[in-house]
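Input: one structure, supplied below.
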Amino acid sequence: MKYLYFPGCSLKGTGRAYEESFLAVFKALGLEVRELEDWNCCGATAYMSVDETKSYALAGRNLAIAEREDLDVIAPCSACYLVLNKTQHGLKDNPELRRKVVNALKSAGLDYKGKVRVRHPLDVLINDVGVEKLAKFIKNPLKGLKIAPYYGCQVVRPYSTFDDQYNPVTMDKLIEAVGAECVSWPLKTRCCGGSLTGTLPEVGLKLAYILVKEAKKRGAAAVVTLCPLCQFNLDGYQDQIARKFERVDIPTLYFTQILGLAMGLPESELGIKRGIISAQAALAGR
Amino acid sequence: MPLEQKVKYEGDCDPEFAKWVVGEIGGENLRHCIQCGICSAACPLSLYMDYTPRRIINLAREGFRKEVLSSFTIWLCSSCYACRVECPKEIHITDIMYLLKRRAIEEGVYPRSFPIPVLAREFGRMIFMFGRVNETLLVTDLFLRTNWFKFLGMIGLGLNLMRTGRMSFLPDTIKRRGELRKVLEALDAEEKKEKKEALS
Amino acid sequence: MPDKPKVAFYWCASCGGCEEAVVDLAEDILKVVEAVDIVLWPVAMDFKKADVEARPDKSIVAGFINGAIRTSEQEEWVRMLRRKCQVVVSFGACANSGGIPALANQFQKESILKYVYEDCPGMDNPGKTRPQPESKDEGRTLTLPEFRGMVRSLDQVIEVDYYLPGCPPTPKIIMAAVQALLSGKLPPKGTVLSPDIALCEECKRKDSKPADLALTEFKRPHQIQIDPEKCLLAQGLVCMGPATRGGCEALCPAGNMACTGCFGPTSRVKDQGAKFVSSVFSNIAPKEEKEIDAVLDGIPDPIGTFYRYGLSKCLLRRKLQ
Amino acid sequence: MNEQFEPKIVAFFCNWCTYTAADLAGVSRLKYAPNVSVIRVMCSGRVDPQFVLDAFARGADGVLLGGCHPGDCHYAEGNYKTLRRMRMLERMLKGMGIHDGRFRLEWISGAEGDKVKAVINDMTKKVRALGPLDLPGKFKEWDKEMEELEAHVNKDSKKGETTHAR
Amino acid sequence: MSENKPKQENLPRIGFYVCHCGSNISSMVDVAAVQKYAAGLPGVVVSRDYKYMCSDPGQEMIAKDIKEHKLERLVVSACSPNLHEETFRKAAARGGLNPFYFQMVNIREHVAWVHTDKKAATEKAMQLVSAAIARVAFHQALDKKRVPVDPNVMVVGGGIAGIHAALTLANAGKKVTLVEREATIGGHMALFDKTFPTLDCAACILTPKMSAVKAHPNITLWTYSEVEKVEGYVGNYKVTVKRKPRYVKEDLCVGCMECIDACVFKEAKFADKFNQGLGKRKPVYIDFPQATPKVVLIDKDTCLHFKTGKCKQSCATACDRKAFDFNQKEETKELQVGAIVLATGFKAFDPARSPQYGYGRYPGVYTALEIERLVNASGPTSGEITLRDGKHPKAVGIIHCVGSRDAKTNKWCSRVCCMYSLKLAHLIKEHSGAEVYNFYIDMRAPGKAYEEFYDKLLGEGVHFIRGRVDEVTDWAMTPDEEGKLVLRVEDTLAGFVRRIPVDMVVLSTGLEPQADAQEVRRRFNIGCGTEGFFQERHPKLAPVNTFTDGIYIAGACQAPRDIPDTVAQAGAAAAEALALIDAGFVELEPNTSHVIEDECCGCKSCVPLCPYSAITFDEVKKKAVINEVLCKGCGVCAAACPSGSIVQNLFDDDEIFSEIRGILK
């Protein structure tokens, strides 16, 4: 199976470990992944507040480039995943918007038809590969590791194509597949604070704090997530959280990292050390 | 505490504003709101808002433009879409927050103490220049422009990121910047044309 | 002895089969010849146009005109005959409703000419020469009739008094018509001189048609061994009998062939093809669009099948550009 | 801009579902394009393909047929009969060069007043975009060739015998 | 080759009338212009407009004109024929004209009410008028056929609606068969403890009616039975009913229940459906002590005999009336009835479809029907409010509108939930003393004494929080919330979000159509609205009639409604059925088809098309024949006759072709 890969800005920066583990795992599973040629920023949530049409056009450029090949596009970052899907929907439902965006893209020699499918790597792992097949690759089951699955917002809402928006379960299945224990908690899809941790820390930090605190309270040794911003918020701000509320100290890993570990891939290839809160204790203590 | 008169006169409303919201993409179902408040209950940020999302919807459809555009609420929205999936009337509340933010920037009425509009603008600028966003540069730039003091509080985080190799100082850029600019400029031209036609 | 009534026969766009039908009256033709004076019959005798033109108006009792109308010459002749004849009988399917020639109404004039003079296999015409209505040759002007944009039935060009249906009309109905004319016992103007009841009435296979027919497939004659006794429609063949006027005594079904509709519809039907479609397809078995379509696919040429003799009289008259 | 072409659409609505839905649209004061005039039949199965052709021949730019949803016919199965024959009619219309969209079959239940509105507006828009069909006008125009050349032939015939090739 | 135009000189004398309908029509259609236009159409000798054509003076004007102007045809341009066709036919008859020499033009529902451009609307009205005037010339004088009505009635559904309808009909002396799917009649009402707003005991008012049904000499009660097929037409329906086996002979069992004690299962261990799964039952059981008929039955899925074949059948041994019959088979019965009342009820919304409320995930979350059983003295806890873990709740939250007023589930207001939530709030508070919170969006209390009941609850200190609950969660943010279920809601009247910890959550689930409503309505040839409830003939003027004559609907199968309205509707449906039966005959619309014998070629194309087998083939004459009593007038045969030899009255080819011509003139 072949896929195009849309990294987005975060996976080249703060979410580097996500890219590393994603690529390593996909390679080990025999899935071919090619980075989208000359991709640009998807526009994320911020650009939508500046210019609507342009934000559709920004995402549209990526989709137009992707359309040159008949492959699904994988967008691991939640914001990218949402924006690219939102663009497909928006351009389908609004003829006037579509006309403007298509014309603008055309003026730069780009052809947009809206035929690309934008996927999340979790969707690919669960639905294209399947849990049964994944199980065959598990060499080093993470027995005894209690994990709180954290889905965040933008993969399940509002375009939840592969999971339930109230109670998503795909990552739970993956956690079980790697032999770890899934902690049941009600905050799976509650906002991590998004960019507010940076812009309004007094508000953003509180949201992140609620999550790490509840995960720990429910007995999780680690949080596993599927979004670079969620990981950044839960992992990077724990010092500030400690200063403002209390020290929690719980590591936040990507689902691709725990899958990679269970598959026996070396930690160095999975960016395990890139966590600000070290996962070593959690991984060793099980 | 000074006493403040709370009455609103019909002259304070701008009915055109409500019409405008309804006409925008995402605003279609605005008028169907039954004020059940599930959006506010679902919103993880509503506890910080001056008006709950439900009240913003009501104020918008009644035409209280000033109150809506200068509220904190729209800037606190983190685009988690919880309200949108809960809304029993399928009102695209998140999209309404976006369009209100755009209008607030356009009218220059957003709350000055909030760095969020600045982030949005800088984000756009960086994309126009490089096609991609370097988070480090963006955040640095943001704090330099808004709040020096807060930036100092972030130094610890910066050091941590540097330690784990998650920070880079070189702006990432796409190859065909011209192509992207052409697309964006084509839209600018179209907008100009539209405005001209609207005037004539 | 008073003059015998004068009668004219004329042909337009036709195959000659209608002329043959007159000859097929066999001995009866002698009775006809005895009773009437034929003043025009191009297939059998040499009359000049000028001779006919010279006759006083309405001096001919009846004119039998077969063939569809495609050229200006045919128009000119039939208009002239209309002036000369007291009664004009439209003779045969082509005159009545365009007949086989009217199938050309599915094509534009230009595409027909292009095919015939340029594209058709075996054509060697490098100069792409086409006949012209007017051409000069050694100082003389040669003219050819104009090829019209479409094929018309006779009554789309001139007023018609009676219709003899069929491709060709059978001797029996021709004789009946001639006798009616001679005896002066004429039905109301516009009548089709054949029973106003559909063909099944006289078809020998009628009793074998089941009362609960639900077709699942249409077949073409070469695809099956046709049961010589059983209703042809029930065998999956497109038999137009139910939507076709009787009078031919079901000659084709008797000969193991499905009726193709040459007698045209009954007086109560405006559009034979549409009415047949309404009847036969209401009764096919499937209910899902896809399955219905699969059954319909068994009829690759609907227009040619349902309007084989009557495209000029289709309510839409011709294919649009 | 010239005055917009307003198509004339003839509709056949079954009494129990689509006609009732149109009544409901009225009672609900839904607003839709005035281009469609409805002929009431008891069942869409009453609609003879001849009616459709006749409507086109008399100047309709579009013909709309409305019946109960499959399985919901007031007469048990009338709409299946409609569907079958109209599928073939569609093929014939195509064969005769009548554009897709000028003839339309829709299932609209008695409760779907909003669907009446949506279908009528959509069809009006689409037929408007296709432009006039105007068969009566076309019939006249096609027959013009006979008038013009009749004069020519008459002139020729006065000269006597011409060299017609046959 | 016929041209469908009556000759100009032979045109009948037509009278034309256009109605203003107050301003309903005249505000969007230039009525005067239409009147003038019609006056110029061929055949029209009288053309008038009038404020209200359907009023007495309007009708009188028609009758007078018919006589004075020797009118031979009549066209009235007003509202939908579904509303006033009959009115004007009668007016024509009063004037001495055959009522079918009349055609109605619908310029209200189809023109005035739906268009916004007066010029275009007027033009369209003229087209429709021209069509009607063209067609009316072809109308024939017709007579309505009379057929006798079978005086027996079937009532389907044994809830309060079916019970009331059956009793009303039976009291009027009609023979009624009441068919119920479940083992007992009583429906949802039998589950309730008290009824709002009077708080009288549901059982006390329902069970006497249930017994009355059982005892009534005119009622045949078939429970555990379902209607399989319905054939025929108004006044003459043939119904096939399937009777499921109970494995107990109904006529022998006296309901002593000794068999239940004797069952090899000493403990009741299977989920008790009647008690919403909150209690247990044995394989041989009776739903509740007052079940009607009071006959036990065996659940095949749990009975040891049916599962293993190795049971000593102690139940059968215990029965001294030898009522057990393990070989009982499903039976098929046929009924002849003149009218049918459908009272098939509703289904409660399944809260699993709103997972945010945690039903099935948190044991403290209950549906309203479960609470009905919990507060019921004859329920599984004998009326004690006990949580699944045996504890007593200190705080209870009642969430209104679960599954209702929501585009994701059901858009409609279920109408009874506000009131039953108030009732449950009262009962819970009364039985347990807990703090009760009601979470509502809008309080709907429009019935008699309903608002007063709301007022009573306000006075009782029940909390009312206006807001739709977002989520039921066990995520605690404060120590108070630990171990509780937390409801997150915006108190929209206060303007901020609140988190309220409770021990028990009650979901006031809405009312939905029965799961098989679509199949049922197809079986009875009636319609459903888009939401799936049975469609009434007219929302205001014919609320218990359907589009199929002789079939009436009552109760929550038509829309959510409470007990008083349901009973009123059941009475209305019974009255409609009585009106039909006591007339003794029905007049059938004469829009039937017939074959013109001389023109029929006997091709049999029409024979298989008729769904009512009204068309047969006469093997002697070799022609098709239509039985006009069986014919329901769809016209499918007329459309399909390949030689045009079938005529449908009122919808003949000539009539329709001339309508087309009229529109496109």
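Per-chain residue numbering starts at 1, and chain names A, B, C, D and E are given in the order in which the chains are listed.
Methods note: contacts are C-beta pairs under 8 Å (C-beta built on N, C-alpha and C of every residue); 3 or more make two chains touch, one makes a residue touch a chain.
Predicted model only: the values in this text are computed from it and were never measured.
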If chain E were absent, into what connected groups would the remaining chains fall? A, B | C, D
Keeping to the contact definition above, tell me which chains border both chain C and chain E. D
Co-neighbours of chain E and chain D - touch as defined: C
Among the chains, which has its CA centre at the largest distance from chain B's? C
Of all chain pairs, the one with the most contacts is A-B
Name the chain whose C-alpha centroid is most distant from the C-alpha centroid of chain A. C
Taking each chain's mean CA coordinate, chain A and chain C are separated, in whole Å, by 74
Please tell me the distance, in whole Å, between the geometric centres of chain B and chain D computed from their C-alpha atoms. 51
Rounded to the nearest whole Å, what is the centre-to-centre distance of chain A and chain E, using the mean of the C-alpha atoms as each centre? 50
Show the residues in chain D shared as contacts by 2 or more other chains, in ascending order. 45, 48, 50, 54, 81, 85
Inter-chain touches occur between A-B, A-E, B-E, C-D, C-E, D-E
Report the residues of chain A in contact with chain B in the complex, numbered from low to high. 9-10, 12-17, 38-41, 43-54, 57-58, 60-61, 90, 94, 97, 100-101, 103-105, 107-110, 152-154, 157-158, 165, 189-191, 193-196, 198-201, 203, 207, 236-237, 239-240, 273-276
Chain D - residues contacting chain E, complex: 6, 8, 10, 15-17, 19-20, 22-23, 25-27, 29-32, 34, 37-43, 45-48, 50-51, 54-55, 58-60, 71-72, 74-78, 81, 85, 109-112, 117
Footprint of chain D on chain E - complex, ascending: 80-82, 106, 108-111, 113-117, 120-121, 123-124, 127-128, 131, 522, 525, 527-530, 535, 547-548, 591, 609, 611, 632-636, 638-640, 648, 651, 653, 656-657, 659-661, 663-664
Which residues of chain A touch chain E in the complex? 164, 166-167, 185-187, 210, 214
Considering the complex alone, what residue numbers of chain E touch chain B? 356, 401, 405-408, 441-442, 466-471, 488-492, 495-497
